[in-house]
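You will see subunit A twice below: alongside subunit B first, and alongside subunit C after that.
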Partner chain A sequence: MTTTTVAAPTRGTSTSRWLRKNRGKLALAAFFAFVLFSGLFMMETNDWIITIIRGLAVGAITFLVASGLSLIFGLMDVLSLAHGELYMLGAYVGWTIYVRPDTFLDALTPIALVLSGMALLPLWRRIASMWTAGKWARIIAPILVGVAGLVIVVVLFPKFPMSMWNLDVYTEAPINNSVALDQGLQEVPPPADFDGVSPLVGIIGIWLGGALLGLGIAGGIERKAEVPASKPGVGAYTIAGGVALLALLIYVVNDPLTDWWYGLGTSPRFFFALVITVVLAFGLGSFIEVVFIRPLYDRLLYQLMMTLGLGFIIIELVRSVWGRPGFTMPKPAVFNGHGDACPGEGLGGMFSGCSTIKIFDSRVRMYNEVFIILVGILVLVTITLVIKRTRLGMIIRAGVQDSEMVEALGINVRRVFTITFGIGVALAALGGVIAAPAIGLNTGMGATVLLLALIAMAIGGLTSFPGAAVGAVIVGLLQQFMIKYGSIGIPVPWMDEPFKPSPVLVPASAILVMIVVLLVLPHGFFGREE
Partner chain B sequence: MTEASPKRPNFLTRHGMLIFVVTLAILFPFIVGLIEGQSPATVIASEGGNSKFLMGLAVEVFILALFALSYDVLLGITGLLSFGHQMFFAVGAYGSGIMLKSLGWSLPLTLLGILVLAILQALLFGVVLPRVHGITFALVTLGIASMFWIVIQSPDVGDWTGGDVGLQGASSLVPAWINTNDHRFRFYLMALAVLVLFYLVFRRIVSSPTGAVMVANRENQDRALMLGYNTLWFKMFALVITSIAAAIAGMLWTMHQPIVTPTVAGLGWVVAALLMVLMGGIGTLTGAIIGAAMFRLLSFYLERWFGGGASLMLGVTYVLLVLFLPYGIVGTWRLKQARVSEGRKRLVALVTGKGG
Partner chain C sequence: MTDPLLTVHNIETYIGQFHILEGVSFEVPEGEIVALLGRNGAGKTTTLKSILGLTAPRTGDVVFDGMNLRGMQPFDIAATGIGYVPENRAIFGALSVEENLRLAERSKGELERKSDLIFGLFPDLERLIGLPGTALSGGQQQMLAVARALVPDNRLLLIDEPSEGLAPVLIEQMMEAIKQLSSDTTVLLVEQNFIVASRLAARYVIIEEGASVASGDMADLVNDEETIRKYLGAA
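Coming up: the complex of A and B.
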């Protein structure tokens, strides 16, 4: 994780030692310089600049996914193969909050009620631990209780008032919602009502369903727990009560809130979507860690299978809710400005409100390139500061080196694991929301980005956070240069026609670089040898 | 009889289970035919009906079982986590397809070519073997296999591999006497024989001293090295034998399927093998075969019952399996076996009134 900076060499021998020690990084720098500047002689300067900027944008998205992967792998040796699908889920949830806030608000009430019931997990564990029964009863009863809770939730959920897009009707499909928002033609959908059950039964019933689900999970955990359940603190009650209160509040003020939200411009709506998705993703990540990953530490294969299975489930979930065909997400109004003064000149033109700016005669799109790169840099700086300067970061750094020792020192390393997994998923979801307006949404976007992120991680050194950043930039640049060379061709002295790499070679080039790098430096550019 | 090995069980006890299962597998098409009201002669002639269809499904199970078996030897016995095993299969499938179709080779010559290709690709993986370990080895092998996956889909070699549509029509070039469409029953028997042969060979290898070193490598490579075994050669050996088995499985796949899609070279294929091995019980050999049967039948019936939602159910199955049956079917069975036999003894004692 940490790259210890070597003190400035004073003697000749230490210079050579420094050279030897950092040969990976030096080779990397030389390679970078060569690729970048050789490009100058093979293509127009404009092309060269725009390719680098686009490469950095792809790298920024890849980095958001790869950074989470590398934090998680570094700290707890879990390679989360569901990360690509979580990125995709983030994009779809972000789209919903952005384009259809009414659907989001409608769905929030039942979901928050279920979560409130499950949030009392410490209490349920306490109850489960008090119950004594035979071995088989202790295995079967939690499953039965959990399934009963699940059935209640699944039955009651569609009864809640929900105004939604309709996958079967073309004019009400998600893509048309996007188009309507983009053209400012979106209307506030009429409020819906409970379907077949009274509100009281629905609200209390779904909370009970969540509680039963929690009790089932608690029973399952308790059966294998090594540490007896502690008395639930005030925190659990506060969280559960707060979430339930929030759900009820949203149910009461649903209609005025929907009207207000629809009255907002696209830019504040996009900002809301970003923040809410990240918070939700953090919660989802923590939940996944506690329920699915925690029973499987130190069993690499099972973690791989588990995260793969979760990925399958997420894909199917997204397909059934949002439909199979892909759709677009309109860009917020801030990035759509145009007029006489556009495109803006130079980097100063960023604040002119234009959709594109001119840098050295190249037109750069404000959202697709500038905004995405800025978010990437912001996340890089923030996470680096958290890791280097905060207590949490200190524990993470220590945990990467030796998590057992950290635990022996009396630090609750499990909780840090949960938080880190949550942060990793939140970063992936952030990447999804940021990428959606630029590249659109489809159910295959997760697999694509996961491959790139894995390559970036492997190139940079699996456990190294700065390595993930450098790897992501390399992968992004490589992709864009291959695409560019595919259209203009590389002039080769002994060939009459310039050599054009076919589109097939775009993903292949990144994989090839990964293989070569790993064979020369098995620990990547920044990984530690162990 | 001398006292040389009085405790050694006789042939039937040692191989009884295997003989029983193989006999059942041979009789299986006739049983289905009997239920359907077909005479045994029609079953042998494979004129159609449910028995022919089920035989086709069973052949797929046999092929997948051979593939899973080879992955179990590589991962469960030798402890090499490779994500490039799908390439071993796909080279067999595509290689035999190209040899049969584009080069016009005869079947024996194709088999020879596949064996050579299998050894060559194992040596290619062997080149990276000493340099990288653990998850890095998995990533490098995944990279090599992904390159292969990308290459066979590219339009530049489309005349040979069929691009992203897949290689079509190679199975009809198989000589008629063993062709899967004309003589399904013969093909069924052949696939079964290949599977049993490889199972016996692998079981023999695993229980030999060589196999013991392979297991030692899985458990603790440093200690095996310390004891003076050059584990590299044993890992190479494991790569070569599993590559041959997987390539033969791929060749059978080409001979059986009307079209070979690039799916067989993708990451999903090795994940399927991993799932089969984990389902049955890792490192147990028989588990791989049971897992393959369960996997194929499960995905077939889930598809039939749930249609589009099948992969959701498959995902749920993964998660439940990993959470509740971590040692797989055979693994869990072996763990419980001691207790089960204890219970049986108690039951016998209770019924007969003997013992105490």
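Coming up: the complex of A and C.
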């Protein structure tokens, strides 16, 4: 196919027209540039550069959460208020895989068995659709079956061999595991055993629990379905069988695999934690979309309440499993080197393995600043390419405008919704894992980042992916400059003392900037005008 | 007589709590152009959407090519071979002309296979291929909307108001294109402009207040001034 050029629209006065049309954006951009560069006169150049780099790092984390939010909001008009807590959950899960891979491996077997039982949902739906009974029986029976399945899972789960930390014993608390790993003193915890049930009963029992749970859900779906479920394809059996097989395999090789994993250095362990968390988060996000969001499309208020509630549930879940106090996550060795050759010099020093490098006479932390910013840029480029170049991206761009027409073209938009929600949650979880070594873990980290991400989204234009990036960078820079001015103060001509923004003003300043931007540009920087 | 390609049998459709279609029945024989006629708000567009499942009928059946479409999802219905050209054209502004066409592909390379047909009917589109959808004029958008429905191997096209808002010369062009493409595709047409409808379609169905009230050969309707006045206003 040939691409022929078309005569460009007449330029004539188009420059002045463009200027007039974008005067709000230009004024704001000039204002931000002025604020940014005026910092040069109020602090040392080194400090200024460091503050910018730190701001970009905060922006990168914010962007990972905001980009998922804007993808989801753009395509599905769903504002996921659980996104901050999913970011936090990502951090905690990543911490576990990184610091306590044995616990992760132990828990994987029962979880995979439950999922395997539930993965036969098409079969359970077929069975449920063939069951004929009175109206009330069809309402009550699925609930009873589902609850029975849930009880079995809840009872059997703790009986599986699982070497967990003990929240009540300080020396076994997560914080001490972190410290031990950081100092290279970590020992492989002793393998656990089935508690009170035989392995056979435990394994078959928990699978049956998952199956009953699936059957209960299937009964609920089929009661409302207009068309009875068709025969399940081979795919459902393959997935269920594969997951069950994986669960058994991990159970069998649990001990040698644990030993091997503990033998790895912190860098490969961190890499594993990143990849596995992102994959798990994608699965969790897809699950949330199918089970919780799908019934609520076009019901905005209910979605908000549902995702808000989901966030609270995640907080309580994390508190009960990982304990209340915040704790740390050691940095992988590749970003944590010390020694005579450190800090590394310039950008070339990035490969020296030092924890800090010197750029323009300023010490920059390899992990907290360089690595996090690089991940942010990598995600920005990757997602941009996916959106611009792939068929999935084409469907997303089209679906943002008119998902009904996309469906009328024969494209399963629901599946794209599920994938997009999964990607959004995966990005948030990625943000959580990479933020954890820099800022530590606590159950409040989700709320903080959600606020920043929502502000970044609003500044960028809610549904715009590049807008989320710009908004996140503005918010990140602002935060760091406010913190910096909090210590050095801003000289104000008519005041004797320089004005020092108190720490409370740091989050408030982000909201203030959002208000200013939205007053000038009601649709944000890249928003579409409705 | 062979079975019609599409049979709509007594469908009733609700949008929210509004009872929009209260019994629409008609047949579309293979290879013909059938026009759905009726006043504004009679339910013509909803009939098209009900066939596609975008507004699923609560009762009644839609049978396409021997297959009952009841309970199927819109994307599955479309994939059985039904193309849709909506009233508002629904060109994706964030996509280029080429991407708008590519999006309609159901297998890779379909656009290349159909490019002779599509650019034969609408030579302008080939020239505009790299432009974003937002840069197109109304007429160009209409051409692209029809072209998009021609990319996959559709056996039936649902075309909603192709002449709406177009200049007379463009209407002529669009009519010519629809006439040409109907040589190997069946068309169900919604058209307010009776002159356009009567010149294109061989058969007609009149919808009045959500129900099909009359149908037959277009040639008969043209001379039946009473029916025209009763259901379509002044001829």
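Simple rule for what comes next: the second predicted complex is superposed on the first by the 506 of 530 C-alpha atoms of A that agree within 3 Å, B and C clash if a C-alpha of one lies under 4 Å from a C-alpha of the other, contacts with A are read in each partner's own complex, and residues count from 1 in each chain.
Going forward, a contact is a pair of C-beta atoms (placed from the backbone, for glycine too) under 8 Å apart; a residue touches a chain by one contact, two chains touch by 3 or more.
Because the structure is a prediction, the values reported are computed rather than measured.
Peer 1: Under the stated touch criterion, name the partner, subunit B or subunit C, that contacts more residues in subunit A.
Peer 2: The partner making contact with more of subunit A's residues is B.
Peer 1: Report for A:317: first if it touches subunit B alone, second if subunit C alone, otherwise both or neither.
Peer 2: In the superposed model, A:317 contacts subunit B only, not subunit C.
Peer 1: Using the touch definition from the top, say if A:400 reaches subunit B (first), subunit C (second), both or neither.
Peer 2: It touches subunit C, and subunit B stays clear.
Peer 1: Tell me the contact category for A:411 with respect to subunit B and subunit C: first, second, both or neither.
Peer 2: A:411 sits against subunit C, while subunit B stays out of touch.
Peer 1: Of all residues in subunit A, which touch subunit C in the complex?
Peer 2: Subunit A residues touching subunit C: 1-6, 226-227, 391, 394-395, 397-398, 400-402, 404-414.
Peer 1: Any idea which subunit B residues touch subunit A in the complex?
Peer 2: 75, 81, 128, 131-133, 135-136, 139-140, 143-144, 146-147, 150-151, 153-156, 271, 274-275, 278, 282, 308-309, 311-312, 314-319, 321-323, 326
Peer 1: Where on subunit C does subunit A make contact in their complex?
Peer 2: For subunit C paired with subunit A, touching residues are 52, 54, 70-71, 73-76, 78-79, 84, 86, 90, 92-95, 98-100, 102-104, 106, 111-112, 115, 126-131, 148, 152.
Peer 1: Note which residues of subunit A are touching subunit B in the complex, please.
Peer 2: Result: residues 79, 292, 295-296, 299-302, 304-306, 308-313, 315-317, 319-320, 451, 454-455, 458, 462, 502, 504, 507-508, 511-512, 514-515, 518-519, 522-523 of subunit A touch subunit B.
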